Each structure stands twice: as structure tokens, then as C-alpha cells.
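Each of the two complexes below includes chain A, the first together with chain B, the second together with chain C.
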Partner chain A sequence: MSLCTNYGDSNRRSSLLRAVGLVKIFHHGLFRSRKIYAVNNVDLTLLHGERVCLVGESGSGKTTLAKLLLLILKPDKGKVYYKDIELTSLSKEKLRRVRWKLQYIPQHPENALDHRWKLYDSIVEPLRILKLTTSNEEKRYVYDLIGMVKLKPEILSRRPREVSGGELQRAIIARALAVKPELLIADEPTSMLDPSTQAEIIHILLKLQCRNKFTLLFITHDIELARHVCDRILIMYSGQIVEEGSIKDVLNEPLHPYTKSLISVLKHGSLIHVYDHVEPGNNRGCKYKHICPYKLSLCLQYEPPLIRVPNNRKVRCWLYAHEIKK
Partner chain B sequence: MKIPTIMLAGILIVASMTTIALLAPLIASLVPHERSSEPFAPPNSRNILGTNDLGDDVFVEIIYGARLSMAIGFLAALIVVLIGLSIGVLAGYYHGSLIDEVLSMITDILLVIPVLPLAIVLTVYLEPSFWNVVLVIGLLWWPSTARVIRARVAQLRSMEFVSYLKSLGVSDLYIILRHIVPNVIEILIARFILAVPKAILFEAGLAFLGLSDPNHLSWGLMLHYALTRGGLLRGAWWTFIPPGLCIAITALGFMLIGMSLEEKISGIKVIKVREL
Partner chain C sequence: MLMKLKNEILVVDNIKTYFKLDNAIVKAVNGVSFTLGRNEFIGMIGESGSGKSVLLYTILRILPPNAIVKGSIIYENINLLSIKEYKARKIIGKDFAYIPQSIGQALNPVLEVGFQIAEKPIEHLNYSKRQGFKLALKILKSLGLREVNKTVKMYPHELSGGMKQRALIAVGISIPPKVVLADEPTKGLDIIKKRLVIELFKYIRERFNPAGIIVSHDLSFVREIVDKIYVMYCGQIIEIAPTTTFFSKPLHPYSQLLLKSLPINDFKPIPGEPPSMINPPKGCKFHPRCPYANSICRRVEPGFYTPEHGRFVKCHIYGG
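After this line comes the complex of A and B, so read on.
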């Protein structure tokens, strides 16, 4: 479904958003406080105009990571840079001037707009808040926008409950693109939709990405969908990025045991195991050690770092420890 | 939109009681405390509901009594929803913060205190005037409204559109006024309508105990006089049955509207009646 060719080598592009050592811990329980590492030491770089997929199963911390990148949630540790500006240390007022360039399409479209507001008012709200258009241009601007996402104009006078899920999701995309963002994080934007609407929404999203050249971080649990959407893929497991590389390389030759199991699911259709990433008694070592078929004695003791391997790839697994020495 | 029969019945009762209260001077032929016949005269063609211990017309008193009961009901309910809204919105919007902890603690303390004895003590202490009764009812009855509003606001604030607006950097005041308050308005209307009969009943209770302003005639005061001045002992039923019925019917009217509104908002059946 590739709609536009990628421009140039990703190495030559400058970074748009960079996260260093992000950690988010949720505390749980009344008497014996338990820690849940929703996001555990994540480093990540998003380049200008690239399409990246973040893939992982439910509960692996994808949404939390997205919210940390957008500073909707405050990280417990780590930093987020937008170009060269460190967002995590900015004052509220300064953050406000930057943050709208990073837009978000949430997982649950039904809660993304105020139920009492007409779609038109919801779409123009960010424009009015940021004073991006004059009131004369506003209407024409919105009609152009909804044309781009293929929404009928009569929908604009309806409220969220009076439209279908697909229409609602398109309205949300229109609202996110209204402010001309540089980064769009789409958090499973199609998980609630039927397959044909799903394809349509993705098509619209990719077409707009080609036209407006924003960076797209597409979050999904569906590796098959990721194949169609992105150039680069990040695999997340238990709050950590376990593998990173171009989509072609990762799908053809997965390195991390978890990625291997994901891809075998894709090929053979077997179920993924259920795991618990609540801090167990023995928290040392690799997060994947409980189910890993290739585990070494090293894996039980020490947590593997994200190891650089050839072809601009990274993997968090001791099986590739020999690459560190190189 | 089809109005449910129950709500329609409630609206009919409330509308007629409000009209009576507003148009009292036009409906009644006499003014209150004006002697029209001998004391304790039973209902007759001149005094359709008879007379009381002073020979005043009971029908006239009922009509004028409606004014005070309704006024206290509406004003106290207004105070209840205004305080309930402010505290509920603040606690819900800053859910989990110190503001929420403090406001919720005040709410909880007031919720566990038995309101009736406290209200009686306060009314006696403050002197039972019209405004004091309104204030005592208004200031003691907001906690349950605040609780309901807080829960709804806490739910709203965790919705994606609120975090989206926050990420655009808008002020909390903007979010509260443009998005949160309009979303709780239905609950507020239902709470208001349910607070009116509570206030009316409570005022009647206070007046019955002799804790209301004797210069202002109300249904509760009529009951008080029926008890203390011999209406009850003499078996003069017309001195106590009409005001009692009026209180009950008015309260019922408000309750019916309020409950069917709550039903509409929550989607849970509160009133169970057999379909006619």
C-alpha cells in the first residue's frame, strides 16, 4: 500500500523527537505498594517525515510511551527532546508553544471529542485556541480539511454519538491535522473499526502523511498492519523496546525471540502467550526470560542492553552479545 | 422527544402549585389572618375548607402558605446545587490532589452527620427567620450533590478530549467552563428538582416543631397551629389534612420529575410502575 516513495536514506534526516531513558512507574496496591514498570528505560528517535510503527501486545506500554512522548504523562525518569529543545524541563508556558506540533489520535475515538459539541466546533476548537486562522477563513479551512479525510459536510453539524465509528475517527484525524503538526502519533486508530473502514482510514492517513510530510508514529498490535504502514518498526515488550529496524529486515529476519514468536503467529496463526509484567520476586535479568526458548544463564542474571547490530538495527538480547565487542 | 407519563404527572402538579403560589392574591378572596367566620367552622359554602382556631379561612391560608413553601424550596435547592456544583467540579477535576482530599473530607464529614438534629440546633441558634431556614437547608444538603458531580467530573476528566485540550495548553478554567460544566448540567437539573421537595419537607418539619418565622405563613406552620391550638384535639380535620396533603402532593410532584430525569440520565429504572 506504499503511497509515496521514501525520500533518501534515513541516516541523512535530522531527528524530530528523541527520548532518552524514559521510565514510567505506576504504583499499585494499598498496603504493599507494588511497582509496575509501564515504560522501562526507553530510548527512541523519530526522524523528520518518517513512518514508524510501534508494535507490541496489549499491556506492553505502547500507549503509556506515546503519552510520555507527548508529555501528556510526566515521565518518572528520562528526557524528551523536540529537535534540540528539551521538553521535559520546559515551563508550562514554553511547553504550550511547542506541544501543539505533536498531535495524537487516541485509541478510543468515542471519548476523544466532547459529546455535547458538534463535530464542526470540535474540529475548529484547536484552531481557535491557537488562533491559527481568522474567523473568515475558518469555515473554508475546515471544509478543505474534511474533504481531505473524505467526510461529508453534513456530518459537521452532528454530535459524536450521531455518527459512525469510521466517521468519528476521520473527524479526529481532521482535528489533529488542522493545526499542521510535525508529528502525529496514531494510537491503534483502527482497532475499533471493521476491516473495510480500517483500510480506508489507513489509506487516508498515509496519503496525508505523504502530502504533509509529517512524522507518523503508528501504534498497533497487528504486525501485518505495520507491514503496510511503516518504514521502520519498533517492537515493544514489557515496557521496553526489544527490537528496532527497517520493517523489511525485521519481518524477513527477526532477531529477538519475542519478535520471532510474533512473526510465527503471523505465519502460522498460533496464539501469543499471556504474560505478567508486574515486578515478580526475581526481577533480575531479561524481561522475556520466563518464556524465552533460547535463554542463557546470563539472561537470568543481567538485563540485556539494546545492542547495535548491522543494517542499522538494534536488539535487546544476550544472544547478540558478540556484537557489542565489535 | 416523548415525555414519560410519570414526568408529565409531576410537571402538572408542580406547575399548578407554582401557579397557585404566584397568583395567590388573585385566587384567594381574603388575605391571611383576616377573620372570616367563627373559630373551627367546618367546611361550608362560604369557607370551602372551613376555618381555624382564630376563625381564619383555611383555603386562603393554604394558598398563601404555598408561596413560602415553594420559595424556600426553590431558594434552598439553588444553594444546594450551586455549592454542590462548585465543590463537586473542583474535587472531581483535581481528582486525587490535595484539593480533592480536603473537599472530599469536608463532604464526607457532612454526609455522616445526621442532618436533621444539626439543622434544628442551627435554626434555633440563628433564630428561625425565612433566610436562616433557607441557608441552613442549603448549607447542609449539598454533600450528596457534590458527591455525584465529583464522580461524573472525575470520569470526564479522564476522557481523551480533556487530555487533548490540556496538551494544547488551555487553562483549567477554560476546560471546566466550556467542557466540564455543560456535561454535568443534566445531573444538576435532576439534583435541583430533587432538592426542592427535600427542602419543602424540611421546612414543614421545622415549622411544625415551631422553628420557623411565625410572621410568614407556611403549610408547616399551619400544621403546628393545628397541633398546638387544639385543631387536632377537637377533631377539626380541615385544619391539618389540607396542609399535610399539599406538602405531600407538592413533594411528590417534584420527586416524580426528578426521578424520571435521573432515570433518563443514568438509564437505570428507579420508578417501577406497571405499564397501563
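After this line comes the complex of A and C, so read on.
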């Protein structure tokens, strides 16, 4: 999709949001005795105005990572920087003053808005809280907004259960964009919608991204969809980012064994993966070791770092250890 | 009037399912007829709100009380719509397997998984609880789960997504089904889980050889399992085609646009909006959005035409 191509040299642009060593552990079981590393040591940089996809299977920690980036969940370890401000150390009051620049579209549109409120009130709420418009201009502002997402005005007086999934998702996009955010995290915004509606929503989202130049972090499990949305892709597995690179490179020549299996499912429909997601007995070594067809003895012992490889790519796999020495 | 059924297991004739609201009537399914052959799998595709799910609920007789149903559904020489509900439930509960959408919420959170699988044989085949659990164990094992002895005693929240999926399918096949009805079994699943569902459906087909109706808008999933594609739009079936030819050459303008909206193809949305189900457009239901619409489309509703052998399409273009 060639809506706008603003990405020549992404190295020169400054970073908008940066995460260093993020860890989130969930405890469960009797007396909170069992631990799950939902997000495990994730480093991530989002540049101004770029479109990034975060791809991974369900349970890989995509949504948790998104929530950590926005400080909806508090990370157990690690830091999040917005420009030069460290968000993780801010007090609640100060965080509130900064965070409205970072917006979030949740996966299930039907639970995202208050069921008793009319859509108009839901869309206008952030504007009222932040006092971005005067009450005279408010109505016109909202009509402009819903025009951008191609909604009809009569929908504003309805409640969430009275509109279709596609309309609701558009209203949620309008609400998120009402405050003119610098970062928008969209968490599988179309996984519950049918293909035609999905195409329409994505088109609207990308058009707005081109116009307003916000940074878009698009979370999905559909690589085919990611191809249309983003320039850079992050592959997540078991709480870690295992591969990073431009979408073209990753699709044409996947490096990590997990990415390879994902793309072969896509291309040939073959199932390399085993079904059962067995919790490994020991946490040492690579997270992918019990499935990986190429595993080395090294993989069982030590966890691989994120290794830089040519073409501005990174991969978390010992098979590329020779790249470290260079 | 009952006909003798040989090759067909289910004959659906002119089904109309309307929902009565305060001041309007929603025509969710508006005159659908088809036959389902023994061992045949069909896929109902179409956008949300086209009446696919309501059609399934009509067959299963699980509609809300404000629904009005007309027409007939004949299964093994019995009209499922004309008999009393408790009698229908005995037939449907025993012979039909229903696989619902959203695996997260479909299992009962306060019952052991084994019991939920055993419930059907206990209800319909007079199994004891112990026999039921034994059967559950066997089915889960055949679906490729490990440590089944533990799994049958677990509650749904203790299972992973893939395990839940298989437990749900086990609930469906605890009595060998004659007809499998699945309502968007892959909605919101990632590509690997989707693969698993495809394998499970193939397993069911090989093992029990049932007939099946799969309602979905996930075309890549449907094309791997079903023999025939039925396209639904605005409460009607507008195209019937074998799976192989449908994807290479869709006939109805709506089908063509639907395939174009996939990310793997052009990723173009269908112009216009889905029609109102309260006041559907006159003539062809698709004419307000159709690029080829002309005056006859606006006035006259097309019938089914057969441009090629085995293909049916409801569009004036093929009327000659």
C-alpha cells in the first residue's frame, strides 16, 4: 500500500519512546508460588513518525509489552523513556501530564467504551479532561474528527451496543486521535472484524498516520496484515523480542528459527510447531530450545543476546554468534 | 410433506428468521434454501451482520424468544422446526456437534473439563459419570493432549489456549456427530492456533465422516476444509461454488470484491456500507454497492443462474 512513503533514512530521526530492559513477572498459583515472565528483558526504540509492527502468537506478551510502554502496568524492572523524560520514575500526578501524548486502542472494541455513555460523550471526554477545546468549538471539533474516520454524525447519539463492530472501532480511533497523540499503540484493532471492514479501518488508520505523522505501534498476529501496515517489524516469542528488521527483509529472509517457522506456515501451510506449549523445566538457555530444529548445545545452557546482523537487523539466536566478533 | 432423503442429510427450505423489535422487524435470514449432502462440508462466508450465525442458531433452535421462524429444516425425515422443543433438543443434542466462537468463554468455568466432555453421553446415552470421564480421557488422548489424567480434572482457567480449543472440540465429538456446526472457530486466533483448528477439523472429518456447516469470514481457513462455498449477503445466499473454483474465479461482484479485500490480495475495502436489515434495498440487495449495477438490478431481484456446471449465482449479469 503506497499511501505515503516518508521513510528514507530512519537512522537520523530521533527516538520518541525508548524502553530498556523491561521485565514483567506475573505470579499465580497457590501463595503466588509460580512465576510467568510475561515480558522478559525487552529493549525497544520507537522513532518519530515511524510505523512498527509487533508480531507474535497469543500469549507471547505483546499486549503486556504495550501496557508496560504506556505505564498502564508497572514494570518490575527496566525503564521507559519518552523523549528524555523517564516515565517509570515519575509520580502519578506528573505522569498524567505527559502520558496523554501516548494513546492506546484496545483489542476488544466492545469493552473499550462505557456502555451507558453515548459515543459523543466518550469521544469528547479526553478533550474535556485536558481542556483542549472550548465548549463552543467542541461540537465542530468532534464532527471534524468523525469525518476523518468516516463516521456518520447520527452515530454520535448512539450507545456502544447499538453500533456495529467496525463503527465502534472507528469511534475508538477518533477518541484516541482527539488529543493529537505522538504515539498510538493499536492492539490487534481488527482481529475481531471481517475482511472488508478490516481493510477499511486499516486504510483510515494509515491515512491519518500520514497526515498527523504520529508514531504507530501496530500489534497483530497476522504477518500478511503487517506487510501492509508497517515498515519495521518486531517478532516476539515467549516474552522476548527475537527478531527485528525491516518488513521486507524479514519476510524474504527470516533469520530466527521461530520466524522461519511462522513464515513457512504462511507460505506453505505446513505446521512445524508442536501443539503443546510445554513449560520448560529449567529457565536456562534459549526460550525456543525445546522446539527449535537447529538447536546447539550452547542453546541449552546460555540465553542468546540480541545480536546485530547486517542491514540494520537484530536477531536473538546463537546461530548468528559469528556476527558478534565482527 | 416428507421426501425420502438418500444423499442429503439436511434439507433447508426457504428459511426466514425475523427478529421482532419494539417498532421494527429485522430480517436476519431472508429466504435461504440449501441441501447438505452426507459427508459434505460447506462454508458460509460473508461480512458480519449478513445472517450467517443466525442461520446456524435457527438450525440448532437456540434463537432468543423474539425470533419468528418460517420454513422447514428436514433432518432424517423429521422437520426440526415443527416438532416440540424438547423433542428437537433430543435429536439436535445427540446428532449435532456445535463448536462455538470465542474459546475463552465457551466452557463453563466452574465445571471440570472432563465432566463437560462427558455431559453429552450422560444426557443422551445414559452413561454413568465414571464411564463419561473414561470416554473424555480417551477423546482428549486421541486429540493429542499429553497428561490426560490430569487434564480431565482441571478447570478451564488452568488450560492453555490450545488445550481449551481441543477440549471444546472434544465436547462437540463426545458422541460421534452426524452434523458439525461451527461458528467462526478461528476468530481472533493467531496463525499457529488456526493451523491447529484446521488439523482438528481434518481429524474429525477423517474419523467420523460427518457433514458440516462452517460459518466464518476467515477465507484462508475455510478454503482448507470445506468442499463448497456459500456466500451470504443481507440474509440471502448469493453464490454457491465448489471451493477450488470459487477462489480462482468468483462470479458474483460481491464475492469478487470480498476476495479483493483480503490482505493477501489487493487489501481494498468494499465501497459503501452493509445494507439495513430492517429495510433491505429493493431489487438486488447488493446493487447500491455494486460497480456493475444498472436499472434492472434496482427493480428486479435476480434468481439463481447457472453459468457453469455446479455453480449458482444470484446476479443479473449471468442472466443472459
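One rule holds in what follows: the second predicted complex is superposed on the first by the 314 of 326 C-alpha atoms of A that agree within 3 Å, B and C clash if a C-alpha of one lies under 4 Å from a C-alpha of the other, contacts with A are read in each partner's own complex, and residues count from 1 in each chain.
In this section, a residue touches a chain if its C-beta (ideal position, glycine included) is under 8 Å from a C-beta of that chain, and two chains touch if they have at least 3 such contacts.
Please read these numbers as outputs of a predicted model, since none were measured by experiment.
Looking at the overlay on chain A, is there a clash between chain B and chain C, or do the two fit?
Aligned on chain A, chain C fits beside chain B.
Taking the superposition as given, does A:113 touch the first partner, chain B, the second, chain C, both, or neither?
In the superposition, A:113 touches chain B alone.
Give one of first, second, both or neither to describe whether A:70 is in contact with chain B, with chain C, with both, or with none.
First partner only.
Applying the touch criterion given at the start, work out whether A:96 contacts chain B, chain C, both or neither, answering first, second, both or neither.
After superposing on A, A:96 lies in contact with chain B but is clear of chain C.
Once chain A of both complexes is superposed, is A:265 in touch with chain B (first), chain C (second), both, or neither?
second
Quick one: the Cα-centre angle at chain A between chain B and chain C, nearest 10 degrees, please.
70
Quick one: is A:143 in contact with chain B, with chain C, with both, or with neither? Answer first, second, both or neither.
neither
According to the contact criterion defined above, which of chain B and chain C contacts more residues of chain A?
C
With both complexes overlaid on chain A, does A:81 touch chain B (first), chain C (second), both or neither?
Neither partner.
Does the superposition put A:104 against chain B (first), chain C (second), both, or neither?
Only chain B; A:104 stays clear of chain C.
Can A:222 be said to touch chain B (first), chain C (second), both, or neither?
In the superposition, A:222 touches chain C alone.
Considering the aligned complexes, could you tell me the closest Cα pair distance between chain B and chain C in angstrom?
7
Considering the complex alone, what residue numbers of chain C touch chain A?
Those in contact with chain A are residues 46-49, 144-146, 160-163, 187-193, 195-196, 199, 217, 219, 224, 257-258, 261-264, 267-270, 274.
In the complex formed with chain B, which residues of chain A make contact?
So the residues of chain A touching chain B come out as 67, 70-72, 92-93, 95-97, 99-100, 102, 104, 106, 108, 111-116, 122, 125-126, 129-130.
For the complex, which residues does chain A have touching chain C?
Chain A reaches chain C through residues 1, 56-59, 107, 164-166, 188, 191-200, 202-203, 221-225, 227-228, 262, 265-266, 269, 271, 273, 275-278.
Using the touch definition from the top, list the residues of chain B that touch chain A in their complex.
Chain B reaches chain A through residues 159-161, 163-170, 174, 179, 182-183.
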